[in-house]
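Worksheet: one structure, shown below.
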Amino acid sequence: MSALAADLPTSYLTEENTIASWLLTRDHKRIALLFFASVTFFFFIGGIAATFVRLHLLNPAGVLLQPDMYNRMFTMHGVTMVWFFLIPSIPATFGNFFIPLMIGAHDLAFPRLNLASWYVFNLSGLFLLYTYFAGGVDTGWTFYAPYSTLYANGHVIGAAVAVFINGFSTIMTALNFVVTIHRMRAPGMTWMRLPLFVWAIYAVSLVMLLATPVLAMTLALVGLERFMGVGIFDPSLGGDPLLYQHMFWFYSHPAVYIMILPAMGVASELIPCFSRRPVFGYTGMTFAIIGIAVISFFVWAHHMFVAGISVFSAIVFSLMTFFVAVPSAIKVFNWTATLHKGRISFDAPMLYALGFVGLFTVGGLTGLMLATLPIDVHVHDTYFVIAHFHYIMVGGTVSAFFGGLHYWWPKITGRLYPEMWARVTAVLTFLGFNLTFFPQFILGYLGMMRRYYAYPAKFQDWNVLSSAGASILAIAYALPLFYLGWSLLWGQRASANPWRATGLEWLTSSPPPKENFARTPTVKVPPYRYDPEDDSFISQDGVAHA
Amino acid sequence: MSEEQWLPFWPPVASNTAVSVDRLFIGEFALSIVILGLVFGMIIAFSIRYRRGSAADRGNRVKKTWHWEIGWTVGSLAVFLCLFVWGANAYVWLFEPPRHPDLEIYVIGKQWMWKMEHPGGQREIDELHLPVDKTVRLLMTSEDVIHSFFVPAFRVKHDVLPGQYETMWFKPTETGRFRIQCAQFCGTQHAHMIGDVVVESEAEYAQWLTTQGVHASLAQQGEALFRADGCSGCHSANSTVHAPSLAGIYGRVVHLQSGEARIVDETYLRDCILLGGAHIDVAGYPPVMPSFAGKISEGDILELISYIQSLSSQPGGSP
Amino acid sequence: MSAKRESLVPYIVAWLVLMLLLGMSILSAYLDIGIFHPMVTFGIAATQAAIIFLVFMRLRGRPSLKWVFAAGGFFWLSFLFGLSIIDYATRSGFPAH
Amino acid sequence: MREIVPEPQFATLEQQTETAQLGMWVFIATEVMFFGALIFTYFIYRLTYWEQFRLAGADSRILLGSINAAILLTSSLTMVMAINFAKEGRQQRVIAFLLVTASLGVLFLCVKGYEYVLDYESNAVPSLNFAFKSGYHAPSELYWVWYFVATGFHALHVTIGVGAILAMTRLAWRGRFSPNYYTPLEVLGLYWSFVDTVWLFLFAAIYPLGRAVT
C-alpha cells in the first residue's frame, strides 16, 4: 500500500523545518496544523469563559462575577466558540488536511489563498483578543440591535470587526474547497465515489460562501451604526429591529449547519470503518447532506417566533424547520443501520462517533420541540434552548472533532495515540456532557432564562449538577492535550493504514510526503468497500486487502 | 407543586395557555422517548450482537436500501407534519388576541423595569395585578432596547420592541404570585428585570384598584395631554387648520395620500404622532402635522391613544 | 497557439446597448409611473447586468459550471428577499380587528 | 519571454486557468450576496417609507451618478479590450488599455468624491451635518444613511480594483503574460465588470427617485 510513497522518504513534517518554512508554507497539511493550533487556542479561551459562567451559576445570587463581567463572559464564550472554534474547527483543520488527500490531489487549488486565510483568521483573532482585553462586549454573540448599536457599553465595534474579518477567512477557505473539489479530483474520482466527508465539506463550503457575506454586511451595518450614531436599524429613524434579526439569522441559522455538517461527514467516515461494512445508503446520505445544506437557508425565522414576526410567516418557517429535520433523521437512521451486521470494534474514534449519533439525536429531537410553535414560545431564550444547541454543537460537533482527531492522528503525526487513555476520555466526555447539559433542559422548561447572572434559588440544585458535569467535561477536554502530546514524542510509529480504511488518504505514508502522492492515484471503486464477513476491504484504488 | 420540593421538575400551571402548551410538550416528549429508545436500542443491540469477535451471522446484509430509506423518510415526514399542524393550530390561538378582552393593560419595558398601566389610570412598576379567569390583552412597547415579556407559569412570551406595538393575551386560571421575566438580553441588569403577576379574585382586584389613589382614567389623562401638547389646536372641530377630526376614527379604515388604506389601530396612531409623511397622512388633508419624535414619552403616547380610543366608544363625542 | 484575433465588434455593440439602457434609465426617472418606477429602473439594471455577464464576462457560449455560480448568488438572494417578504407582507395585517 | 509553467498542484496550464476563473466566479457569487444583503435593506425600507425615500432621493445628484455609470461602463469595455490584446500578445496595447481602465476608475472616484463634497455642503451627511429639509421626516435620513453606506462600500471595491489593475500593468510591463497565459488579467476583468454591475444596481436604487413631473 505504500507503493505510491515508496520513493519518498521524507514527510511533510520533516521536509524542511525552519520557522519560516512553516509560517510561509503553502502546503495544505502544514496550514491545517497551523489552523489546528489557532482553533485549539480559541477553544480553550472560550472554554475558560464557559468555566467562569458555570462557576458563577453555582450560586443563585450570582456573587462570583459582577453583572457586567458575567455578561461579558457569556458573550466571550459565544463569540469565541461560534466563530473562532466551531465554524473553522473541522473544515479548516481536517478539511484542509484531508480534502486534497481524499480526492487524490497534490494540494488545494489556491495554496497562497489558503495560507492567507490562516493569517486573516489570526488577524481577526487579534482583534477579538484586543476587544476582550480592552473591556469586552456584553451583547451576547447575537449582537441584537438596537442594544448593540445604541445601548451596549462594551467594544461592540471591535467584536464586529473581528467577526467581519473572520468572515474573510471562512470565505477564502470555503472558496478553496469548492474549487478544489470541482477541479482537482484524481482520475476516476467521480462525484458518487467521493467519501462522505468530502461531500459534507463541499456542502458546508457552499453554505459558508452564500451565508457569510450576509453576516459581513449585517455586522458592518451594526458597526457603522454604532460608530456614526445613526443607521439602518435605529428605531428612532423608523428602522426595524426585526430587519437586523432577519439578516443575522439568514446567516446564523445556516451557520448552525456549517458547524454540524462537517461533523456528520466525520461520523460517516468513522462508523463504516469501525463497523467494517459499507455505509448504509450512500446515495441517500449524499442527498441528505445537500438537502440539509439547502433547506438550512429556509428556516432562519424560527429564531424569531416570539420576536414580532407575522403569525403567518412563523407558521411557514415552522413547517420549513420540520422539513429540515427529515434529512437529519435519514442520516441518523442510516448510521444506525450501518451498524447492522457489521464487525464493530470500539476504538476511541468509534466511541466518539457513537456518542455523536446519540447526542445529535437528543439535540435533533429537542429541535423538533423547538420547531413546534407553542413550545418554542415557552422555552425560547431559556436554558432549554441552551441545552438543545449544546447537544448539537458540543455533543455533536465537538465529539466528532475529537473522533476525527483520534482517527486521523496516526496519519497526521505518524504516531499512534494511547488507546486506553483515549477510550476513557471518550467515555468521560459522554458522561460529563450529559451531566452538564441534561439538567439544563429541565431548568429551561421550569423557566430559567439564558443570560441571567442571578436566578431563583429553587433552580440551584440543577445548576450545581450542571456545573459539576462541566468540571468533568473540562477534564475530558484537557486530557487529550497530555496523552496526544505524549504520543507525539513516544507514541508507537503508525503504518500507512492503521485502521485498514478505504480512503485515498490511507494509501500514502503516515505522515504523508509533501506532495501527498508520488504519482496521482487512479480511483476505481466507491469508498467504504468493507466486508464484515472476512474483515477484508477494497481501497479506493481498487486494490483488495485480505 | 410546593416550593420546598427537592428538585423541581415542572413549573406552575396557572393559565389556559399553560394547559395547552403543556399538553403539546408532553405529547412530543413521549414521542421523543419512543424515537430515542428506538435509536439507542438499535445502537446498543447492534453494538453487542455485532461486536468484533462475536459469532453472529453477517451474511445476507440488506443490499437494496431504497425501500428502507423511503420508509423512514416518509415515516418521519408524516410524524413531523402531524406535530406541525398541532403546533401551528395552537400558535394561531395563542397569538391571536381576543377581539374584546375583559381587560387591556399597557406595558412599557425600559432598562430595567416593567411599567404597567391599567385602563383606570392605575400604574404599577414590576408588578401586575390581574383578576382571575378574565382574558387579558397586553399592548406592549419598549422605550429603549428589545425586551421580552415572559410569564413562565402562563407559558406565554413575546418580545417587546422599541418603535412598535406588540400584543399578547392569556387568561389566568389560578390565584397567586407568578414571576415575570425579561427574556431578551437587555443589558447589565437584565437578570433583574423581573416582576410578579399578582392574580387575585375579582373582588380583591376591584379592591386593589380603588386603593391606588388615582382620580383620572388613562383616557382622561390622555385628554389633558391632548390639550397640553397642542393637538387640540388642529384636531378640534372649530380649528382653522384643516386636520382630520379624531372622533370615532379608531378602528376605521382611512385612505392615505400614498394611495394605501390602513386600519386605524395603535400602531398607526403611534406612527402618526412620531413619523409623519405621506405613508401616514390621510388623503385630502395638507401634510402639516409635525413629528413629535423625541418630544413625547411612550407612556404619553399610550395615554393619547387611550383617549382617541375612548372617542370611538362614545358616539357623538367630539374633541 | 498563435495569436488569434477575436473581433472587438460584439464588445463595442454591447457597450453601445449598455449606454442606451443607461439613457433609458435616466429618462424613466422623469416619468410619472408611480409604483412601477423601481421595477423599470431595476429591470433595466438587471438587463444591463445580464449583458455585462454574458458579453464582457464571457458567459456566452456553451453552458458550464461558471453559469451555476454566476446565477447561484442571485438565485440564493431570492430566498432572502422572498422568505422575508412573507413576514413583511403579512405583519401588519394581524391581528385583524 | 520566459516559459510559463503551471503551479505544482495543477497538471496543465488549462487546468490552472479554468480553476482560477471558477474561483473568481465563486467569489462573485459571495459578492452578490454581500451587496444583495445591502440592497435587501433598501428594498424593505423603500417599500415601507415610499414617500420619504422619494422626497430624499430627489435631492441626490443624478447627473453625477449618470456620468459615473457611463465612466464605469466604458472602463468595462476598455478592460475587455486589454484582455483581447493580451490574447493576441500585443503587449503595448495591453498596457495602454489597462492604464486607460485604471484612469477611468480613478476618474470615477474623483466624481464620487466631488459628489460627497456637494452632499456635505447641502447638509445631507448623517451624523456629521444632517439637516431635515422641508418634508423630511425621520425615515428620510435612512435613505441618506443607506446612500453613504452603499456608495462607500462600492467605492472601496473600485479602489481595490484600481490597485489590482495597476499591479497587472506592472506584470504586463515585465512580460509576464503570453497569448497562452493571461489568466490573472481575465480573472481581474471578471471582478472589474462585476463592480461595474454593482454600480448599475446602486444607480437604480439611489438616483431615479422622486424626479417624476406629476
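In order of appearance the chains are A, B, C and D, and numbering begins at 1 in each one.
As a convention for this text, a residue touches a chain if its C-beta (ideal position, glycine included) is under 8 Å from a C-beta of that chain, and two chains touch if they have at least 3 such contacts.
All values reported here derive from a predicted model rather than from experimental measurement.
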Chain closest to the middle [Cα centroid of all protein chains]: A
Pair joined by the larger number of C-beta contacts - C-D, B-D: C-D
Rounded Å distance, subunit C centre to subunit D centre (Cα mean): 15
Geometric centre distance via CA averages, subunit D-subunit B, whole Å: 45
Cα-centroid distance, subunit B relative to subunit C, in whole angstrom: 41
Centre distance in Å when subunit A and subunit D are each reduced to the mean of their C-alpha atoms: 35
Set of subunit B residues in contact with two or more other chains: 96, 275, 293
Where subunit A touches two or more other chains at once, by residue number: 182, 210, 214, 236, 238-240, 242, 247, 250, 308, 311
Where subunit D touches two or more other chains at once, by residue number: 22, 26, 29-31, 33, 36-37, 40, 44, 48-49, 52, 137-139
Residues of subunit C touching subunit A in the complex: 65, 72-73, 76, 79-80, 83-84, 86-87, 90-91, 93-94
Residues of subunit B touching subunit A in the complex: 3, 6-11, 17, 20-21, 24-25, 28-29, 32, 35-36, 39-40, 42-43, 46-47, 50-52, 56-59, 61-62, 65-66, 68-69, 72-73, 76-77, 80-81, 83-84, 86-88, 90-92, 94-96, 111, 144-146, 148, 150, 152-153, 155-159, 161-164, 166, 179, 181-192, 275, 293-294
Complex contact set, residues of subunit C against subunit D: 1-6, 8, 11-12, 14-15, 18-19, 22, 25-26, 28-33, 37-38, 41-42, 44-45, 48-49, 52-53, 56-57, 65-66, 69-70, 72-74, 76-77, 80-81, 84, 88
Touching residues on subunit A, where the partner in the complex is subunit D: 105-111, 171, 175-176, 178-179, 182-184, 209-214, 216-218, 220-221, 224, 228-232, 236-240, 243, 247, 250, 515, 520
Complex contacts: residues of subunit A adjacent to subunit C: 182, 210, 214, 242, 246-247, 250, 297-298, 300-301, 308-313, 316-317
